[in-house]
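Shared between the two complexes below is chain A, which has chain B as its partner in the first and chain C in the second.
Let's look at the complex of A and B:
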C-alpha cells in the first residue's frame, strides 16, 4: 500500500518536527531577518521606519570606513582569546587536573566556589564584578587595607577588568567538561606510562591531552561562541567605555541599533559577528572531524 | 495508521483553536482598555502617582473602560529605546505615552504619533497652555502631535556655605567664563578638599553632559550646533573649540572632578545625594528640577537645601547680550497613531493633564509650569524657593535641534568633551574629530562652516 507507506515515511520525521520548527522560527528566522535588515536603512525612529529603503551593501561599506569598527573587532578578538581560549579553557583544564589530585574536601570546596559564579544569572554576576572593580569597590578596599594605591580599574584597564570578570564567570563550564573528560582517560594507560618512567608533565602532554582532545575541541567551540556573544557583562561594567576602550562587537551593535536607532547599521555589525562565529564554529567542527581515525 | 495520523492532526487543530480563543478578542462589547506607557524610576515617581489618580478619575467617569498603566523602569535613554521598540508594532504600541520633546519630530516622521489638531480645538484647556511650550509638540508639518507636561531650564546651582568659606560675596552672579574660573580657583585655594566647579562631560552622563554642560558654553559664544535657517549643522566654529578649552581648563586644574569620576554614569547621584548636602561641591550646572531630589519625599531629601543652595544664571563667554544662557527640554504626552480608541485615548490624555493633575506633577517633579493657570497657582509658586529664579530663565532659554540625526550628533559632542577632559586630544584635535564625525553622519553637504 503505497499511500500508507508514504504516510509512514512522513510520520517517521514527526518526532523531530517540533525541534526543526523551533530552530527555524527562533534561530534561522532572526538570522535571516538581521541579514535582510542590514541591507536596508531601517531605523527605530525617523522617516525610515515607515519606508525602509533597500541600500544594498552601503551599511557594510560604512562599517569598513568606521574608525570604531577595527578597534571593536580587535577588542572582540582580545576578549575571546583572553577570556575564553586562554582564560576559561586553560584555567578550567588546570582546575580539573589539580582537583583529581587534591583531597576530596579541597576539591569539593574549590568546585563549589568556581561553580557558584557560573550559577549566578548574568546580570547578577555583572553587578558583582562591577562592585568588585569599581572605584569604591572591594578590590580597592582590599588594596587600601594593604596600603597600596587605589586605581580606577574600569577606567584605566577596562579590557583587563572585563576579561578577568568573564574568566571568573565562565571557568566553571570548562572545568566541568574537563572533569568529565579526565574521568574517561583509561587508568591503565596512565599507569603504563608511569611504569615507563614518564613524569607528571609528560603524562599530561603525551597521554591525557591526546586522549581528551575531542573534548578540548568541543569545549573550545562552546566557550568561544558563548564569549563572542557576551553583552550584559561588558555593558554593566563599562558600557563600552571609556572612549570605546571596551566596545566589543555586541556592544557596538547594541549602541548603533538601539542608542542611535540605526537598526540597519546595527544589524550589519551583528551580521559580521554571526560570520565570525560561523568561521570559528566551522574551524572547530573540522578539527573534531579530523580526529576520527 | 492513517486513523492515528488524522487523530493527531485533529488534536493539533483543536489546540490551535484553543490557543486562538485565549488571545484577547476585539473589545467591541463595552469593555475597553487603554494602555498607558511611561517612565518610572526610584527617583522619579511623580508621573506614576499622577497617572494613578488620572486612572481612578477616568475609570469612574467612563464605565466599562479600563486604564492599563505600564510603567517602564529605565533611565531616559533606555526608556526611549523601549518605547520606540513597543511603538514599532501595532500589537504592542501603547495608546497614550510619555514622550521626550526632542524625540517628537523624529517619532512623528516615523508615524508613531497621532495628529491632535482637530481634537485640541474642542478642548477648552488648550488655550491655557503657554504658546512657547506648545511649540514643543509641533512637527515639521506644523501640526501638533503632543501636549507638554512641563518644561525645565538649566542654571548654576551653588552651595552658599562653600562660597562663604572662600570669602566670595553673595549672592554670586558670574558675568563671564573668566569670573567662573576666578571663583573656582579661590575656592580651590581656601578649601582644597572641595570640588570647586563641576561641569558634566563625557559619554558616561549621556545627554546630561551636553544639556547641563557643553551647550551652556557653546550657546554663550554666539555659535550654535545647528543653523536653523539653512537647516545645516555648524562645523569648524571657534566657539566650539573655545568651549572645549574651557572644559579642559576646569578639568586640568582639578577645579572639576577627576576625569575617571566624570565618566561614571552615576555621578549625578553623588552631586545631589552626597556632595552638595555635605558641602563638598562648590557649584555645578544642573536643571531646574534639582529641588525635586531634595524636597520632602525626594530621593535625596535634604531639609536645609533652601538655605544652603542658591541659583545663578550661566553667563555668556564675555558677558555679552543676553547675559545668560539656559537650555530647555521637557516631556509631553502623546497618543499612538495606531490606537483603536482615539477618542478615549485623547480623553485620558486631557484628564491626566487637567489643572489639578498638572499642578500635582509640576510641583512633585519641580517642573516649570506650561499651563498659565498652574503657573499662577500659589501652590506652584511656593513649591520650592527657586521657582522664580529658574522660571525667569525661560526668556533666554534654547532648545535642542530635534532632528532624527540629533542623537548621533549629541554622541559626537559627548565624545569630543570626553577626549578633552581625559587629555587624549587637545581642544583643536577634538573639534576637528567632531567636524569629521558630523560630516560622516549627515553628509558634507548638510554642514556649514561658521
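Let's look at the complex of A and C:
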C-alpha cells in the first residue's frame, strides 16, 4: 500500500501545523507585508490608513537622501559594537574567567547581581538606568564625592549612557554562555600548559580561548542580534534624543511610523533592519552548521 | 600548585569581581532604597525616614492590580499557547526521521534571529488591516509566535532525551501514539516543559514594546505599559512610587527565574536553549 504509506508520511506531520500557521501568520506575514508596505504611502491617520497608494521605491529614495538615516545607521553600529561585541562579550568572558578563580560565595553573589539586571523586566531596567545616569542621579553623586565635575550624561553623551546601560542590562547572557563553555574545557589541557610554565594570560590566550572559539562565535552572533533589536532601554532613557543623538534604527522606525504617522516610510526603515538581522541570522546558521560534525 | 598560590590568586579575583559586582548593584540599589523612601529622588541614598508609604500609594486597583492582572493574562496565555503548539510540533520532529526535519529546524532557528522590534511597525500595519488592534487574544497569539521558535527548539531537545523504548513498551501494551505522548513522554519531560513555560512567561511578562504598540486602551494594558504611561506622562515623577511599583511588578519574574535556576543550574537551561 504505497499510497497509504505516503499519506501516513504526510499525516504524521499534522501536529506541526498549529505552530506553522502561527509562525506564517505572525512572523512571516509581517515580514512579507513590510516589503510590500514599504513601497506605499500607508499612514497612521488620514485617508492613507486603509487605502495606501503605491509609490514604488520613493520611500527608499527618501531614505538615501534623509540625513538622519546614515546617522541612525552609524549609531546602530556604534551601539552594537560598543555594548554587545566589546562590552557584554568581553565583560561576560572576564566575569566567567574570574568566577572560576574567586571564592564560591563571592562568585555566586556577584553572579546573582549580574543576572538580576538581566532578568528584570526591560521597562524596570530602563527606569533604573535612567535614574542612574540622570543629572541628579547616582553616577553624578559618585563623581561629586570623588571631586569630579558633574555631567548631564543623557544630554551631552547620550550614546555612552545607553551603551553602558545596555552592558549593565545584558552582560549576564554572555557570562552564562562563557561559564558553561569554560566548564567544558578539559582540565588536563590547562594543567599541562601550567606544568610547561605558561602563565595565566598565556593559558587564556593559547589554550582556553582557542578551545571555546565555537562558543565565542555563537555568543557574538546572539548578542549582536539581541542588541540590534533593543528599543525600550533607549526609548525610556533618551527617546532617541537629543536631536537624534541616540536614534538607532529601531527608534527611527518607531518615530517615523508612530510619531510622524508615516507607516510606509517607517516600514522602509524597519525593512532595512530586518535585512541586517537576516544577514546576521544566516551567518549564525552557517556557523552552527560548520560547528556540527 | 601550592595552597598559598591558589589563595593569593583567589583574593585578587575576589576584589575585581566585587568591584564589578558593585557597579552592577548600584542601579538596583536605587530601586530598593527609593521604594522605601517617601522623599526619593534620582540618587541612591539611605532613606531618612524609611516607610512603606510608596507601596501603600500604588496598591490601588487601577494603578496596580488591573495592570498586573492583564500582565498575568497576557503572559500565562502566551505561555500556554506556545507550550501547546511547541509540544505538538516537537513530537514529529523528535520521533520521525524525515528529510523535512533539518530544514525545518534551521528555519525555526532563523526565526529566533529575527529582530522583533523591527517587525513591530509592519505588525501594527497588519493588525490595522485585520482589525485586530487592541485585542488581547490577538496580542497573545503574536507573542506566542515570537517565542515559538525558541520554545520548539528547546522542547524538541527535551523530547529527544526521553528514550523511544519507553514509548514502544506502551504501544506493545496497546496504547495509541497520543496516549503514549500523554502518559509516558510528557510526564517524563515535565521539568523541561516547566522550564520552557517559565522562559516564555518571563519574556512575555517583561515585554514592553509589543503591548505598547498593539494594545491601546488603558483597561487592557499590562503593567509594563501602564507603568510607562503613568510615570512617563505625569511630569513631576513620584520616584518612590515608581520604584515601589517596579519592585512589585518585578518580583514574580525574579521568583520564577530563581525556581528555574535552582532546578537546573543557572547555565544549564540557557545552554539547552542556545546550543541545541
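Couple of notes before you dig in:
The criterion applied here is as follows: the second predicted complex is superposed on the first by the 269 of 293 C-alpha atoms of A that agree within 3 Å, B and C clash if a C-alpha of one lies under 4 Å from a C-alpha of the other, contacts with A are read in each partner's own complex, and residues count from 1 in each chain.
In the analysis below, a residue touches a chain if its C-beta (ideal position, glycine included) is under 8 Å from a C-beta of that chain, and two chains touch if they have at least 3 such contacts.
Everything quoted here is computed from the prediction, not taken from an experiment.
Judged by the touch definition given at the top, the superposed model places A:242 against chain B, while chain C stays out of reach.
Of the two partner chains, chain C is the only one that A:288 touches; chain B does not reach it. When the two complexes are overlaid on their common chain A, residue A:261 makes contact with chain B while staying clear of chain C.
Of the two partner chains placed by the overlay, neither chain B nor chain C lies in contact with A:86.
Judged by the touch definition given at the top, the superposed model places A:205 against neither chain B nor chain C. In the superposed model, more residues of chain A are touched by C than by the other of chain B and chain C. Legend: residue contacts after superposition of the two complexes on their common chain; A:37 is shown touching chain C, with no touch to chain B.
Shared-chain residue A:277: touches chain C; no touch with chain B.
Shared interface residues of chain A, touching chain B in one complex and chain C in the other, are 49-50, 135, 258. Residue ranges of chain A in contact with chain C, taken from their complex: 9, 12-13, 15-16, 18-20, 22-23, 25-27, 29-31, 33-34, 37, 42, 49-50, 91, 94-95, 98-99, 101-103, 106-107, 109-111, 113-117, 119-129, 131-132, 134-138, 140-142, 168, 171, 173, 176-177, 179-180, 183, 194, 200, 218, 222, 225, 228-232, 236, 249-250, 253-254, 257-258, 263, 266-267, 269-270, 273-274, 277-278, 280-282, 284-285, 288-289. Those residues of chain B that touch chain A in the shared complex are 1-2, 5, 8, 77, 81, 84-85, 88, 103, 106-107, 109-112, 202-204, 259-261, 263-265, 404, 407-408, 411, 415, 418-419, 422, 424. Across the complex, chain C meets chain A through its residues 1, 9-10, 12-14, 16-18, 20-21, 23-28, 30-31, 34, 41-45, 81, 84-86, 88-89, 91-93, 96, 98, 100, 104, 106, 109-111, 113-126, 128-129, 141-142, 144-146, 148-149, 152, 202, 205-209, 213, 224, 227-228, 231-232, 239, 242, 246, 249-250, 253-254, 257, 261, 266-268, 270-271, 274-276. Residues 3-4, 7-8, 11, 14, 43-50, 135, 152, 155-156, 239, 241-243, 258-262 of chain A are the ones touching chain B in the complex.
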